[in-house]
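Which chain is which? They are A, B, C, D and E, in the order written, and residues in each are numbered from 1.
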Amino acid sequence: MTLLVTAQHLTSIRAGRVLFADLSLQLHGGDVMHVEGPNGAGKSTLLRMLAGLLPAQSGQLMLFPEHCHDDPDYWRRQLLFIGHKAAVKAELTALENLAIQAQLDGAVIADPWQLLETVGLLGLEDIPAQQLSAGQQRRIALARLWASHAQLWILDEPFTALDVRGIELLQQRFAAHVQGGGAIILTSHQRLSWQPPQLQRIAIHSPTDTGLQYE
Amino acid sequence: MWRWLHPYAKGQATYQLLGRWLPWLTGSALLVLAVGLVWGLLFAPPDYQQGDSYRIIFIHVPSAMLSMGTYTAMAIAALVALVWQIRTAEWSIAAIAPVGAVLTFISLITGAAWGKPMWGTWWEWDARMTSQLILLFLYLGVLALYHAFNDSRTGAKAASILALVGVVNIPIIHFSVYWWNSLHQGATITKFAKPSMPPEMYIPLFVCIFGFMLMTAAFITQRLRHEILRQELHRPWVQQVLLNSPVKEQ
Amino acid sequence: MNKASYSSLVWALMRRDLSVAMRRKSDSINPLLFVLMVVTLFPIAVGPSHEVLGRIAAGVIWVVALLASLLGSERLFRDDYVDGTLEQMVLSPAPLELLALAKIAVHWLLSGLPLVILSPFCALLLKLPLDGWLTLVLTLLLGTPMLSAMTAIGAALTVSLGRGGALLSLLLLPLFIPLLIFATAAVESTLLGMPAIGQLMFLAGFMVLTLTLAPVAVAAAIKVSVN
Amino acid sequence: MTLLVTAQHLTSIRAGRVLFADLSLQLHGGDVMHVEGPNGAGKSTLLRMLAGLLPAQSGQLMLFPEHCHDDPDYWRRQLLFIGHKAAVKAELTALENLAIQAQLDGAVIADPWQLLETVGLLGLEDIPAQQLSAGQQRRIALARLWASHAQLWILDEPFTALDVRGIELLQQRFAAHVQGGGAIILTSHQRLSWQPPQLQRIAIHSPTDTGLQYE
Amino acid sequence: MNKASYSSLVWALMRRDLSVAMRRKSDSINPLLFVLMVVTLFPIAVGPSHEVLGRIAAGVIWVVALLASLLGSERLFRDDYVDGTLEQMVLSPAPLELLALAKIAVHWLLSGLPLVILSPFCALLLKLPLDGWLTLVLTLLLGTPMLSAMTAIGAALTVSLGRGGALLSLLLLPLFIPLLIFATAAVESTLLGMPAIGQLMFLAGFMVLTLTLAPVAVAAAIKVSVN
């Protein structure tokens, strides 16, 4: 399988605390990486770093090493990141949110109604998102996964606010994605009920103190 | 905490009651108004100073006075709505505000039109005019707030609070002519002790004021009925009413 | 809870709001900067002629006071609404009116007080004749708390609507206008050599009225907005 | 045990949809009520209604029926509600947030450092909350539970963003609260790992359509 | 993605921002209302004397334009930052500069355009002599897009820095001032019966420059802000 991510000796120091140091990882198509650790360990920090939203203090990180030289924008098209913040506009309806998400992702939604049905929002398409329940808002954000053709998904606690049925649905989508050669990096405090064929677990331990809290 | 959440208010009864009043109100309003206006505009003697241009008084004064009266009524409805949570009172706010706004607007326009020949200017930032303009803004604000919320009860309550806060403006309008040296003339007809007008003028004026009152009441009644229908749209009785309405049958 | 703990709650809330404003450094100097900006821009825009500037100075400063108050209004309840603190206030055993009063006080400290303090300087920049200074400061001292109280009412009414900006200004500016008229009339009188005590008394009376009624209205509005 | 909540025939209609109708419930001291249902069922709506933040379309609701007549503010002191929104000020530190929460709850924190230690935030007390991780922010909000003397807790998805250890800790606190005669109403898509002595489950089903979506 | 889909993205983003603004009923009328309000307040505050008003009219309208632009600035990126959309924009395959341009355009449509349209009416209320009207409208037409562009730069930098915020509006001010000077000078010239073509040409040139550079600056600022 193709190599999608390779990182060496990544280090993150935040507010004088070393979150992780010398962290290396590799991810190939078909892999699922479950980043684990207690609250505040640095999982979200790692994911944002991998997505290119945060610089690393030291270490090297390369996404899609096979393409990064001839097409510097390749990773933007092939990466999908969903963080703690859902990027759902409260004033817009589910349908409008889907459309704008797809535009930003450079994806094309063949049949938005079908997509709404898939994520269980059919019948709610013309209500502003702020009037939807927490789980329904989350489903709008996650609908991106069904429209996306990106190879690498980076998902920070995707199961938050979802009901049991929703979690199952999401894992089905994960399975399909992995089967198609994609890769997923995710965090979750819940265990996956689904057994991915190639599962890596990375544990980040509770933060160690450098003794130098104030920079 | 003891919250008694009574079922839907009796919108249907109110609707029908108002429906029974409406024709009488409208009829008498048209009659009185016609008498007052014809008398005032055609038969009352011309003013020795202003000639015929003074006749605008028969519209200006009633609309101005009623714009304040309806606001007071709306504020009372707002108080009732807030304290006793009566839905009919909430709906009356929405029914009264546009009517009041139109009255205010008429008084502003007629005042401005009268001001041109009298004071040589359409508009001046004089206290009476400014506070009357504020009244218009208040009406618009109440309306905007009422309709701004997705949940109609929230909107009604918010609008009620604003309506109550705005009551302060009413005495300001009335007393502005004394508090500031206003261009606008002081009380002419409201000082009953000694009206500074001949009876041939103020009697038709009173008839006009009374006619405007009835007309305003008729409009508010009609609007209130519409509001009840709008708010209770999902209730079976409204479906009945809509199905039986003559509009639908054509 | 007894009286003492109520007042300590009000203090705590005020301290909290003030320190939130300070942390967000941009916010804390914002009204101040705004005032300074307008007062600097005006002579540039209008031309530096003494007599024109002096005639409009009091008016300009007062319009700035209104706008500064409006500018700070969105911030007043918005954050508390978004992060759920407003809900907790409604459910708190402490009377909501007190919390509303704390909010009004903070708004005044952040937007009214700086203006009052800066006003002599503004008067200087705008070339207001010296005689008018004292009256101007007095009108601002009496008027700005009212502005804060009214702003709080409007902000509480519109907080659940998303940025309440427009509706808020529609609601508030009409309420502000009488204030503006009285205040500028007071300065005008002084400049013409007449006593302004009448207008000032009126302002004072109106202020007492507003400050007693506003917390009740704000509390009612918050309750409505939360659900 | 004393009766804390009694509700009869509660109905909620939102945007023309009946979420629940004719829902009746009773809660005594020592009870735990787990409200269950899929996303968008109306769990949060019910909880907000019980907390007095939303009016019901019809039905009767009484909190603390034994006290509501002689002390109309009793319920305010005896109720603690934590919803989807955590009421944590992003600009303030954990310590400041705790202080202000306690003030609003009318509670007194004997030893704030002890409390910070309990919820696992020791060492992070002077960092603005916005710089803490999702789980740490949630812990600040939940610290109220340790300071509270309220009898009735209403908690909407309290386990969100918590790690395994955090969830366990919270359930220990629940157990202590219930033992002391308190009651809890909560929603969660996860099952409780703790077995409360008196557990009630209420299931709200997916919304039914009244057929009249537009008012 | 090709050129066509880029432009469709810009349209989609603009439509999105506009419809967000419309939904939030309050927002869509906001700058419009703000302008009207200030223009109403001014004669009240300053006194209705024709000649004073007429002399300051153009200046007032331009100061209002600056303020309206600043007022809309917080809104510009704040919501997108809070709900995570800004992150997604940075990660999007589309060039960030285009998204920045869309933002600037929306800001102008919501705060600049209403002012341009209303300006004749404002001129009437403020009793600007008739000769000045055309020039005033032209300066606004050329100037407000620049205001939007500059505001967007400031807003993008401020959105996460938070602390740098006030300082930045302080930095923006010097950029606004030349604009203000040129625009009011243009109207002044016209009122004095001289041609204003020089100032207008300068404004036009400056506008082209700003509009080409601003998207780049905004994009860079957003990138800095996100992490």
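Before moving on, here are some points about what is shown:
Please note the rule applied: a residue touches a chain if its C-beta (ideal position, glycine included) is under 8 Å from a C-beta of that chain, and two chains touch if they have at least 3 such contacts.
From a predicted model like this one, the values you see are computed outputs, not experimental measurements.
A centroid comparison over C-alpha atoms places B as the chain most distant from chain A.
The most centrally placed chain, judged by C-alpha centroids, is C. Between chain C and chain E, the centres computed from C-alpha atoms are 25 Å apart. The geometric centre of chain B is 40 Å away from that of chain E, both derived from CA atoms.
Inter-chain spacing, taken between the CA centroids of chain A and chain B, is 59 Å. We define each chain's centre as the mean of its Cα atoms; on that basis chain A and chain D are separated by 29 Å. The set of chain B residues that touch two or more partner chains comprises 130, 144, 148. Chain contacts: chain A has residues 84, 90-91, 131 touching two or more partner chains. Contact with two or more other chains is made by residues 23-26, 44, 47 of chain E. Chain C meets chain B in the complex at residues 150, 153, 157-158, 160-161, 167, 170-171, 173-175, 177-178, 181, 185, 202, 209, 213, 217, 220-221, 224-225, 227. On the chain A side of its complex with chain E, the touching residues are 48, 51-55, 73, 76-77, 79, 81, 83-92, 96, 99-101, 103-106, 128.
Those residues of chain D that touch chain A in the complex are listed here as 14-15, 37-41, 43-44, 84, 120, 123-124, 127, 131-136, 138-139, 157, 160-167, 189-190, 209. The part of chain B that touches chain C in the complex is made up of residues 82, 127, 130-131, 133-134, 137-138, 140-141, 144-145, 148-149, 151, 154, 157-158, 161-162, 164-166, 168-169, 172, 179-180. The touching residues of chain C, counted against chain D in their complex, run 1, 5, 8-9, 12-13, 16, 19-20, 23-24, 79, 82-85, 87-94, 226-227.
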